[in-house]
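Naming follows writing order (A, B, C, D, E and F), and every chain is counted from residue 1.
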Amino acid sequence: MQTHHATRIEILIEVPALKALSRQLDRSGVTGYSVLPVLAGQGRTGPWTREGEISAAGGMVAVVAVVACERAEGVLDSVFEVVSRHIGLVSVSDCRVVRPERV
Amino acid sequence: MQTHHATRIEILIEVPALKALSRQLDRSGVTGYSVLPVLAGQGRTGPWTREGEISAAGGMVAVVAVVACERAEGVLDSVFEVVSRHIGLVSVSDCRVVRPERV
Amino acid sequence: MQTHHATRIEILIEVPALKALSRQLDRSGVTGYSVLPVLAGQGRTGPWTREGEISAAGGMVAVVAVVACERAEGVLDSVFEVVSRHIGLVSVSDCRVVRPERV
Amino acid sequence: MLDLALQNLASPIVLSFVLGLVAAGLRSDLSIPEAMAKGLSIYLLFAIGYKGGVEVAAAGFDMRLALALVVGVLLSAVIPVLAFFLLRVMTRLSRVDAAAVAGHYGSISIVTFVAASSLLQSQGVDFEGWLVAVAAVMEAPAIATALWLARGRSAGVASPGVPWREVLLNGSIVLLLGAFLIGWVTGPSGMAEVEGFLVVPFKGVLCLFLLDMGLVAGRNLLRSRKVLSAGPVLFALLMPLLGAGLGLIAGLLLGLSVGGVALLATLAASASYIAVPAAMRVALPEADPAVYLTLALGVTFPFNLAFGISIYLLAAQTFGG
Amino acid sequence: MLDLALQNLASPIVLSFVLGLVAAGLRSDLSIPEAMAKGLSIYLLFAIGYKGGVEVAAAGFDMRLALALVVGVLLSAVIPVLAFFLLRVMTRLSRVDAAAVAGHYGSISIVTFVAASSLLQSQGVDFEGWLVAVAAVMEAPAIATALWLARGRSAGVASPGVPWREVLLNGSIVLLLGAFLIGWVTGPSGMAEVEGFLVVPFKGVLCLFLLDMGLVAGRNLLRSRKVLSAGPVLFALLMPLLGAGLGLIAGLLLGLSVGGVALLATLAASASYIAVPAAMRVALPEADPAVYLTLALGVTFPFNLAFGISIYLLAAQTFGG
Amino acid sequence: MLDLALQNLASPIVLSFVLGLVAAGLRSDLSIPEAMAKGLSIYLLFAIGYKGGVEVAAAGFDMRLALALVVGVLLSAVIPVLAFFLLRVMTRLSRVDAAAVAGHYGSISIVTFVAASSLLQSQGVDFEGWLVAVAAVMEAPAIATALWLARGRSAGVASPGVPWREVLLNGSIVLLLGAFLIGWVTGPSGMAEVEGFLVVPFKGVLCLFLLDMGLVAGRNLLRSRKVLSAGPVLFALLMPLLGAGLGLIAGLLLGLSVGGVALLATLAASASYIAVPAAMRVALPEADPAVYLTLALGVTFPFNLAFGISIYLLAAQTFGG
């Protein structure tokens, strides 16, 4: 099966900043992204868990966007505007996709 | 620690098609896969969210299978038979595993 | 945007072993990790699903840690001590991060 | 007439739905966790099935039940044909989209059924408890008709292996029928044990569920505004009335009570937004979910909830009794 | 006095909170699933709003409601200023941190309000049902004040586009006000239909919710032990008393009943741990959540629950009535 | 005898479990969200603990409680030894697998306990409310015995640091004991406040929970069909009877009421499927979960629910009272 090169951007970000990130992604020209829940974590600010949480203030999600390689740089810049003020980790890796028209 | 090359296949697919995909994966000879929930997303058909959903018609999941490199091609072909008729995104990347007998 | 090389470690592990793994990761010197829920899976021991589960005995989670390349080897060794006795799959891949101080 | 409609509109049930719609329209972040929404729906199915069974146990077995099951299957299988032709005439939907939409209208919405029984109860109108079993058997046949309609004469659409087992044994059918049987076996003495859970809080739980449905329907409408043109919307307002007409006739022929006729009309008028969409994604992935979900959940469901069920009750009172 | 406090301390509600605290302190793995915790909070907001509305319907519209809404907004907007100056004097928190904390104390905690009304009820003290609407309008104004305080004279902190729509239409405000309106429209006859859900199990549900709050507060305290110094903790014990004082005066000026005065004092005394933290993460991400969450949820909330609400009731009985 | 068994089999509780089993057997996609299943179990533990505490408050402290706690710990610690030797004789399970299974039978199933108290209640048989505290202390000791049995004489199995804190402070123990203490402190007047939640809907909630357990047990059995041979299954049917015998003797020696004897026998007869499996995955990961989960949840639990509890009650009535 023929595959095409693409870039996988994974953004760990706190829930309250998700709306701003979504707006930014929509503007940055990505064709799509998916939001995965994160249950718990550990970082420099200590451990946290989603269990029992009633406030949306805590908690993180993982936003995954597979984008065409040539667009990755622009998306990253755009994402970073939002993430820089917030707890979050942006990682990028290479991947291959089956349907290039979908990224 | 010695690691061995393998291929990580990640399939974003709508929930109603998950059963068919599972059957296909079982047949394709993968040793295992894991299904992760997706909370929300944005794509060419617009945004969606799992919140409040009562129907299983909406919503997506991420299916992750780490497979031996030599088997990846076959699995991809097999997966694509199901995915092609459905909303979904298949991405593939290289990885290394610690226990090669598990993939 | 400048990015820096890093290593993404993804550990699929059963829920009862998560505490031990967390302790081990905390000791191994990673700066952070995130725990993602897994809904269902299929492996050599057959299929499982989280649905309706009342016991914490079943079920898996995915632990993702992005670590500096030079630390990856040590973290892997350390992780393996816990994982080896448990159902679990450790996969490692290369990635790039935007803020190197966060890994 | 106006009185009944107003009374229905001012019920906590309908107003909760409206609250959900409004919150979605204002883009509030109010939302019900998925697990809670599913939990509420499991509760409602179990409670409504159980109550139906208990009523059969109390009233004794009624031969009309067997007949009504057959009639229910027929209604579910035939209504999509009518809907399909209407859609082809009234709208520009493709054959596949039209077939998918048609399938939804043959099947039923259990919450509409529950809202109608609530209205009957508050009006002091009796009905046959076993109609809930008829509701269960009406869920699936429409799917078969829809697939048959979609195939058409051409072989354009491949006919994938429809997972009939999944469709017939889908969770809501099994839960509804299972609870019905449990209620039947345990009868009024079993009911005495569990009514603190299945009866006492029922209406309030229904309010929360309708709040969620309002949120989901409202967000759906917001997203699908552009997809909707006048034709499909008109269809989604007309079709329930036609379906109700068929249900009414069937109910009168079956010799049901006034309440029973109203409920069978409601079932025929209602459109599925749980079982059928899921089946369509599997069997007819080419059909656009934005169209069928929006019509069933965003137009027909609110119409039935706010006006339909009052109309069907009045019609039943006029022609029946 | 001691009697009232002891009776309150030995209530199932307070003890459930203590159980959560203890379980967290012992590092037990007891936990409430997130979806369940959110579900419980949706239930509580809906029930408390609905009951308030029904009481307005029963008692007839009261012009003081309009006045009280204005007073509520003012209290919420002004209390943070007082809190901010106290914090700058009593603690070494940065301007931004102090502003963020101050915002929490202007806003309200609906569970504290519910616990106080529970206490009133068990003491046979009446109150104005529409105070729940005042609670809803007190949620947001404090946020504006906090942001204004954070900006200061310097331009050090960028002023990001605060999502006012999100803040004003946040889920808990919409749900509380929406349920209030539904209760008002449907009145006592609507209540008769849903009280099996909204009234009968209410206190027990509150216990489970407080168990969860105890767990969350306890884990929070464990994590933030090091962040807490004497200054902020003292503030978190003193501020509710000052806030309550303002609320008391406002209540007396409004001519509320003794119960109403106690509840307005409670609202002014309570600190938000749901709406405001979320808004602060968006609008003031520089502020440290460990500080404001721990003070609001880990210190002030337990203080109010265990002692505050008894004190405010006694004060209202002394000065009011 | 037959009468009692039939009455029990036709209860909504048992039939709900059967519905779950059947749905799983038919491979229906009916399922209860994880958060809801956990929520139901938290509710049941809280309610049952609370009720037990209230009964102690009402009846006054009973010295036999202290004695019964000791006896409970002993039963839990000793039963695994008996189970282990039976397993080694009757089955070909490895030492580690046999030890893990044995641990499950020393510990208890709180739902079996609840189902038995339901049966007692419907038969009008009284029992000591504080037995729920005995249930709580019986959860963990069996785990220690199982690990000791697994180690054997050889050093083949490494002895990992067993997380005793986690085991002893596991959520269900803390919740059960905590609620028991709260019930004890607040007594009947506290109960009056919360019974609309903890008592009124209790049996119905239990039905939904058993529906879930039926689904989980049924899917488990489907998956593990091949693992099961006659030996282990026979063990899983015989062992509860032996355990019940020990519990019966202990209950008679303690001088419990007829209902109390039946409940202690039920506790001894029941096998854990929540706390022990989780502990075994941590401390004995070499043991096969398919074996111990299937025996405890798929064989012994249904057996006790359908037949065991009736048998234990009859035995208690024959030998006690």
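The working rule: a contact is a pair of C-beta atoms (placed from the backbone, for glycine too) under 8 Å apart; a residue touches a chain by one contact, two chains touch by 3 or more.
It should be emphasised that the depicted structure is a prediction, and the values quoted were computed from it without experimental measurement.
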item: Same-site or different-site touching of chain E by its copy chain F, using the half cut; value: different
item: Most widely separated chain from chain D, with each centre as the mean of CA atoms; value: C
item: Remotest chain, chain F as reference, centres from CA atoms; value: A
item: Centre distance in Å when chain B and chain D are each reduced to the mean of their C-alpha atoms; value: 34
item: Distance from chain E to chain B - Cα centre to Cα centre, in angstrom; value: 45
item: Rounded Å distance between chain D and chain F, as computed from the means of their C-alpha atoms; value: 40
item: Touching two or more other chains - residue numbers and ranges from chain F; value: 29, 31-36, 38-39, 166, 200-201
item: Multi-partner residues of chain B (at least 2 other chains); value: 36-37, 47, 56, 93
item: Which chain pairs touch, all of them; value: A-B, A-C, A-E, B-C, B-D, C-F, D-E, D-F, E-F
item: Residues of chain F that touch chain C when the two form their complex; value: 31-34, 37-38, 41, 160, 163, 166, 212-213, 215-216, 219, 223, 273-274, 277-282, 285-286, 289-290, 293
item: Residues of chain A touching chain B in the complex; value: 1, 3, 6, 8, 22, 25-26, 31-37, 61, 64, 66, 93-99, 102-103
item: Interface residues, chain B side, partner chain A - complex; value: 10, 12, 36-44, 47, 60, 62, 73, 76-77, 80, 83, 89-93
item: Chain D residues touching chain F - in the complex, by the definition given at the top; value: 33-36, 38-39, 42-43, 46, 50, 165-166, 169-171, 174-175, 178-179, 181-182, 185-186, 190, 193-198, 200-201
item: Contact set on chain A toward chain E in their complex; value: 14, 16-17, 19-20, 45-47, 49-58, 85-87
